[in-house]
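Each structure below is given as structure tokens.
Two complexes come next, and they have one chain in common, chain A, joined by chain B in the first and chain C in the second.
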Partner chain A sequence: MKIHILGSGCQNCMKLAKNAEEAAKAKGTECEVIKITDIKEIMSYGVMQTPAIVIDGKVKSVGRVLSVEEIKKLL
Partner chain B sequence: MLEEKDLCCNGSAKTLILACAGGSNTGQISNKAMIELEKRGMGNAYCLAGVGADLSGFVESARAANTILIDGCPIGCGKKSFEKHGITPTRYIVVTELGIEKNHNFDNLEAETEEAIRKML
Partner chain C sequence: MLKFLADSLVYTLMGIQPGTRLGDTLHFFLYDTAKVFLLLITIIFVVAIIRSFFPPERARKLLGHRREYVGNFLAALLGIVTPFCSCSAVPMFIGFIESGLPLGVTFSFLISSPAVNEVALVMLWGLFGWKIALLYTATGIAVAFFGGIIIGKLKLENQVEDYVYQIKMGEAEIAVPTWKERIEYARGYTKDILKKVWIFVIVGIGFGALIHGYVPMDYVLKYAGRDNPFAVIVAVLLGIPLYSNAAGTIPIIQALVGKGLPMGTALAFMMSIVAISAPEIIILRNVIKPKLLAIFTGIVATAIIIVGYLFNIIL
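== the complex of A and B ==
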């Protein structure tokens, strides 16, 4: 499983990435968390706000720092 | 083009403006009105087709934002695209309800758009 975190690399983006890593670990899901900070690449997903989380190519949330529990439900 | 500051996580919801942009005078008025509303600082023009096509980035961005949705006529393609994903627009406008008759005459778009915007504001 691949999780992409879209955002400039600010505190919120970092927190979302950390939560995603924790959620995957808690569920025992093997996954790679990749941070995308390039604005052109972020825009290619069509999102208008960050941070955003993309799981296996599908945008799941925009503009919010999801909690570990919320991310676990998406995995 | 959007800049990083426009996208960054500032915690406040953006306002997105989406228009049906259909193939009639009122559809095209909705599109022109969307652009005019962005120019007046009321939000960012955004792609309704992306929501209609179920593209997740567009759907989730619309869900996360305050939205002004402009349909040209009561068929409501934009509204139906939103409903499909359980999204309710913050403000919903139908151009024909502003007193503009739907037709396929594109000769008066400028004047009709001005009239529509005057009634929207």
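== the complex of A and C ==
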């Protein structure tokens, strides 16, 4: 399972990435968290609000820092 | 009700005489703090619920192929209700340009979004009353409308970084949230904002209370009163670097207005604090060239200065 965190690298994006890593670890499945900061790549997902979380290529949430619990539900 | 609570707490419980400097200061502080926090919680929550209906993807669609004027006006309105943190300025700008929106319309959106700030709105409402809050909102929309039109007329499309035009935006299916999710979002949003501003509010009201109780009136009139023709310009220039302190600045301004600071000067100061911020300018540099950045800042600053003088004359 691949989790992409889209964001320019501001505080919110880093917090979301951290939460995603924690959720992935707690879940125990083979999860990989990848941060995407390149604007072209971010836009290619059709997202205008950061931070966004993409799981296996599907945009799951935009413009919000999800909590660890919320991310776990998405995995 | 709040006034009664503050009255009984300061004058009855603490036994401080009304009309004394200490009594006035304490009363001002307690009453305003309670009122502002109540308003902050209620209004930010309501604003967040409204915002959950207008994600930028929707704003983009609503603005669609609209041209100047109508497009600028709609963009200025949408700028207020669309949730937007400064980190999203770049993707939002690209998304709007990519969908074929005119540059001027995009700028109307980009100006109104920070210019009409909900925290500033609450502070104004709580401390100055709803008329001034409404005036502030209308002014923000006007500045965004005309700012966008001028930028559109100047034909500055070549001042957008070239890569912006090359980006192809993907299609994302943005799920429509349920009511439970909207409320959850609004709760989280309100909490985040409160966490960010509470200290500024308290310190600001504290300073305001001190000014209210202790600073003599002629002092304010001498430096920032109607007789100083440069007061508005200085206020606007001072406001630019003060961005994050909008919540703390307004109570100070309120106390100064009570001491004779003209309302136009006060409003211009607040608008410049929230509308033009150094972090936003730096972020926008990613998508537009320095010349357009300078024109954008110049237009917004000039518009606010004009508004300041205008209000000083009418109010």
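Basically, the second predicted complex is superposed on the first by the 75 of 75 C-alpha atoms of A that agree within 3 Å, B and C clash if a C-alpha of one lies under 4 Å from a C-alpha of the other, contacts with A are read in each partner's own complex, and residues count from 1 in each chain.
As a working rule, a residue touches a chain if its C-beta (ideal position, glycine included) is under 8 Å from a C-beta of that chain, and two chains touch if they have at least 3 such contacts.
Everything numeric here is computed off the predicted structure, so don't read it as measured data.
Q: Quick one: on chain A, after the overlay, do chain B and chain C clash, or do they fit? Just give me the call.
A: After superposition on chain A, which the two structures share, chain B runs into chain C.
Q: With the two complexes superposed on chain A, say which partner A:45 touches: chain B (first), chain C (second), both, or neither.
A: After superposition on chain A, A:45 lies in contact with both partners, chain B and chain C.
Q: Select, from 3-11, 21-29, 75-83 or 201-209, the region of chain C that bumps into chain B once both structures are placed on the shared chain.
A: The answer is stretch 75-83.
Q: Does any part of chain A touch chain B in one structure and chain C in the other, and if so which residues?
A: Correct list for chain A: 7-8, 10, 12-13, 39, 42-43, 45-51, 59, 62-64.
Q: Which residues of chain A touch chain C once you look at their complex with the stated criterion?
A: Result: residues 7-8, 10, 12-13, 39-40, 42-51, 59, 62-64 of chain A touch chain C.
Q: Name, in rising order, each residue of chain B that touches chain A in their complex.
A: 1-4, 7-9, 11, 13-14, 16, 44, 46-47, 50, 55-61, 63-65
Q: Which residues, counting only chain A, touch chain B once they are in their complex?
A: The touching residues are 7-8, 10-13, 39, 42-43, 45-52, 54, 58-65.
Q: Which of the residues in chain C end up touching chain A in this complex?
A: 55-57, 60, 83-85, 87-88, 90-92, 94-95, 98, 163, 167-174, 185, 188, 286
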